[in-house]
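The following pair of complexes shares a single chain, chain A, combined with chain B in the former and chain C in the latter.
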Partner chain A sequence: MSIAAAEAKELETEQASGLYRDALSRLLRNKAAMVGVVVLVLFVLAALFAPLLTQHDPNVRVGPLASNPEGPTAQHWFGLDEQGRDFYARVIYGTRLSLLVGVVSVAVGLSLGLVLGALAGYFRGWVDSTIMRAMDLMLAVPAFLLAIALVTVLGRGLFQIMIAVGIVNVPIFARLLRGSILGNRETDYVLAARSLGTPGHRILFTHLLPNSIAPVIVQATLAMATAIIEVAGLSFVGLGPADPRFPEWGRMLADNANRLDQSVHLVFFPGFAIVLSVLALNLIGDGLREAIDPKLKD
Partner chain B sequence: MPLLSVDDLHVRFRSRKRTIYAVNGVSFDLEPGETLGIVGESGSGKSVSSLAIMGILPRGAQVTGSVTLDGRELMTLRDAQMRAIRGKEVAMVFQDPMTSLNPVLTVGRQLTEVLRKHLDMDRNQARDEAVRLLDRVGIPRARERLGDFPHQFSGGMRQRVMIAMAIACKPRVLIADEPTTALDVTIQAQILELLRELVATERMALILITHDLGVVAGICERTHVMYAGAFVETAATTELFARPRHPYTVGLLQSVPRLDAEAKRRLQPITGAPRNMTSLPDGCAFAPRCRYATDESWNNVPELREIDPGHRVACWNPVPDAELAALDAGEGGGD
Partner chain C sequence: MLRYLSKRLITLIPILLGLSFLVFAFVRALPGGPAVALLGERATADQVAQIERELGLDQPVHVQYANYMGNVVRGDLGRSVVTRRPVTEELWQRFPATVELSLAAMLIAVLVGVPLGFVAAKRYQGVLDQSSLVASLIGISFPVFFLAILLKYVFAVRLGWLPTIGRLSVTTTMDNPTNLFLLDALLTRNWEALRDVIEHLILPAAALATIPLAIIARITRAAVLDVLSEDYVRTARAKGMGPAIVDRRHVLRNAMLPVVTIVGLQVGLLLTGAILTETIFAWPGVGSWMLNAIRARDYAVLQGGIVFFALVVVLVNLLVDISYALLNPRIRYR
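Then we have the complex of A and B:
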């Protein structure tokens, strides 16, 4: 490389700044991920401003009880449900619950998983073996069955369901972080940090964690999508939040599944909301993965 | 009393299947301000020795022997005590500057972390000192570059940052493990010049570990030649280059291209491969590759003994001066 070329390269790299800022700029260039972000932002806005988006209360009857309720009209965009409630209002308010469940359960799984994964990856030895065998045990049970079992034990409240779905995610996060830390703990910069007298906890928190967290962030996005599906699934099999006043997409599907032949709208709208939100999260997750993965760097 | 004294250092890596005898009885003294070279090929135990002195070998390494700093034994120190010495009294520069800096932290953050820990500086003091250090190791526009990340620096500049971190607390011993191996030749010279100048002005003692005899020739007062985890020859650097006595040293010197050699003269590589380190040798570790090996070499391990003042060799049959002259003229060699 000529000196001029070397200098040009140096200048060019000077523009960018920071590993994560680079990743962010790559993410912004990813069209699919941006579509996901837009859709997700719309869902978040819908959840936050639900009362502004519909003048109907999701729990107040505005039409007649009917086994065969009316479909979408200009007045009721998504039609009415069998109890005569505005279905648009119910789907919009349902966003709140789904997003809440996604965020909280991932937060639960992430925090537990991070602690366990960091302990296992940093201390190795028997700590590692004990934690990881426990995680293997949890992974051996199908996730949905595990969630059902946990809800059965913990009870059917909203909070319990979020905990259950979160716990199902713990081994995934723990394994991911542990593997990532193992890959980083033998690196030169960790050795160099030790040679400067950096204590163990600082090595873990300032050197290992920031360098190991990227794949976990990607996984968190994808886990939010599965959490929404899992809660919908739990509701569908009758283990959803006990309070029937919470409009919840999964329960709407379950309640109306037997009306599929007459009132398609009762299944279509909540089903579509689930698919759309999960798709958005998956697009973002994949985009993040591509943006962060060093192997895919240009 | 020497500043740093290493006595009979052994390092072994034991796994279920086998044991690697990485360092087998290394001893040396380092005086204040001295520059010491340790030369050897890959796998001879140079880096392992330096990591053992720093106490940062991976768990599972068995280290025996004694390392004293100002007469204080380091091997028996507790972890926290040793951490107070690392980076403050003894610091280290590593081989590959591309991977030795944390990619997600700014250079300023990594540099100030050392200062704040060891010298109890507050944020602003550490920042000013970091700027001074970067300036000291020759990084232009130091204040602006504090907020830059490692990937925004070139290899040579990163190695300067590593050196700045190592000298931040004015350590009395600086161990540089192949500090120029990963760099371009022109940058190598700059980094070596920087090290030499720092050692001279800051009164630091330097242990320079390298496989490159040319690097040692430029900087070090004394040189130890290492083979298979032990020193085989040690002398003042000028003496070592003028009158090498161990066949391995002779071989190393002959395998370096020389500008003053006749055009037709071929390089003389050392035949054979480095010793497999999974067992301790019965005799001289170099015997299988040595033209001068005697029966004694195969059966008894040679100790370092003084053959001239300040010149010690671990060999049963050192290369005689006369033969050296013949080799130098290009008549010898060619097995």
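Then we have the complex of A and C:
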């Protein structure tokens, strides 16, 4: 590497870390986003340490079968469900599934979307138009409907559902990254790298991707929120994870929706678990967006 | 404008072709294939072979695709396995209910969302701005079915102010020339029925409106903030134009451009939201019809519904693009 190139690289990494450090400090000063982080951390802890947070097994009967089961008591904080299971344990264990689906489905959507978006943005021409037309096509089918169709075809296994919800996100990530790369493609630093003879793949991976990734990270947080709602929705229409051993918030809502008059707790707790976790992710996403692009705020 | 229009129409062709191919592939990818999906898993080999012959499934794939396309173009989406009636017929029967619900929801979302976003931007960083931001974030975080259940419980079951299910009370009679009950009641001047229809419409429409409302309010706020800092707004104020006129002629008119796009993009959200909302309120539209199809594994209906929803979304997006070009001459001449 020539001295000039080494210097250019050093300068750039310095600038890059500065950019992200600035963003981080802005994020830390954003109270709403920090509330979101705290709530999310609590959910993650609940998912990880579920067995420590409750002595009840979510799948074992501890009370009588009842059409209008007992509400919250000192012994059973969230009451019992119609099969006599401890509802607090079921909601806490439900955290595992929702968070897992959120993370894995976004990872699926993100990795496929990033590859396609990077290819389209970098190569342009026919590669670009082929990929982007396919993405337009996927966007023409409403997201939830696409997820329904995919689950119908793939089946109701947990893994299949995560894939289905993830695929729905692919066009969103691909478009976002492509747009971002196209914007950065003509910048001076890319021109500089090219004139120094840096090979194409190096430009893509060391220059374009790191500089284009910010909006994608924001979108990933928001997509995780959507994924939690989508899985709950799939459960609600009867296409959720088929395995009854995994308690799932959307399924609890669906099962108890018509029992609302007698047992409010069976709808209230899973419903608010969904709202809280989604709200936390949305707060973080918004905070990240403002932190990365301070122009939005000022 | 004509050139823009024809260019935009041509881009529809690959989308529609791709869509037809996706749905064609969807049915063929169903577990066990379309014949087993139709007959159930306990079908005998003979039955499967017979159905495959009847549906033309024993022919080469490209012939099948051509047949399928021919049927779709003629408006034949097959027959429901459950009711044995043509899918298209049921679709047309149920579509007005969904249109009415979606339009009512969109109306609420725009009528509340746009003023809310506008006022929030004018009071930037004020109490109203902050609280509307929080409210819209909470609105976006509510799954539509949970909200629908809560609204139904509070306003229909507990307070008894509004009816719990359906489009019309059993005791109300009315003529239905269009099947859009609101319009029917107005056309036939049946005020009794009009009141009943509106009462039935409020809760499902409010539930369905929440997320679009929150999104529209956020986009309006951002767009107004953008426009407020433009030079032409400053110039208009500097030359002594009244604040209300500046707001109307300069700020709102320019800020509405992104809002129009967003309103169009919400249509997909409304239609899928309708699947859940209609089910909770037993609203006899396309959404609850599709949910029943999912539960009964009525794939012909599900396939027809998907084609139909996607078509609506594509066409609405086309309309949005056209209205956008009409509103914004810069697009037309690009």
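One rule holds in what follows: the second predicted complex is superposed on the first by the 277 of 298 C-alpha atoms of A that agree within 3 Å, B and C clash if a C-alpha of one lies under 4 Å from a C-alpha of the other, contacts with A are read in each partner's own complex, and residues count from 1 in each chain.
The rule is simple: a contact is a pair of C-beta atoms (placed from the backbone, for glycine too) under 8 Å apart; a residue touches a chain by one contact, two chains touch by 3 or more.
Keep in mind the model is a prediction, meaning the values are calculated, not measured.
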Answer with first, second, both or neither: which of chain B and chain C does A:260 touch in the superposed model?
second
With both complexes overlaid on chain A, does A:191 touch chain B (first), chain C (second), both or neither?
first
Give one of first, second, both or neither to describe whether A:239 is in contact with chain B, with chain C, with both, or with none.
second
Tell me which partner touches more residues of chain A in the superposed arrangement, chain B or chain C.
C
Is A:127 touching anything from chain B or chain C once the two structures are fitted on A? First, second, both or neither.
neither
Chain B versus chain C as contact partner of A:199, first or second or both or neither:
first
Check whether A:39 is in contact with chain B, with chain C, with both or with neither, and answer first, second, both or neither.
neither
Common ground on chain A, meaning residues reached by chain C in one complex and by chain B in the other
none
Which stretch or stretches of chain C touch chain A in the complex?
14-15, 18-19, 22, 26, 29-31, 134, 137-138, 140-146, 149-150, 153, 157, 222, 268-269, 271-272, 275-276, 279-280, 291, 294-295, 299, 302, 306, 309-310, 313-314, 317
Chain B residues within the chain A interface of the complex
51, 54, 56, 58-59, 80, 83-88, 91-92, 94-96, 99-105, 113-114, 117-118, 147-149, 151-152, 154, 162, 165-166
How about chain A: which of its residues touch chain B in the complex?
6, 10, 13-14, 16-20, 124, 186-189, 191-199, 202, 206-207, 210-211
Within their complex, chain A touches chain C through residues 32, 133-134, 136-137, 140-145, 148-149, 152-153, 155, 225, 229, 232-233, 236-239, 250, 253, 257, 260-261, 264, 267, 271, 274-275, 278-279, 282-283, 286, 296
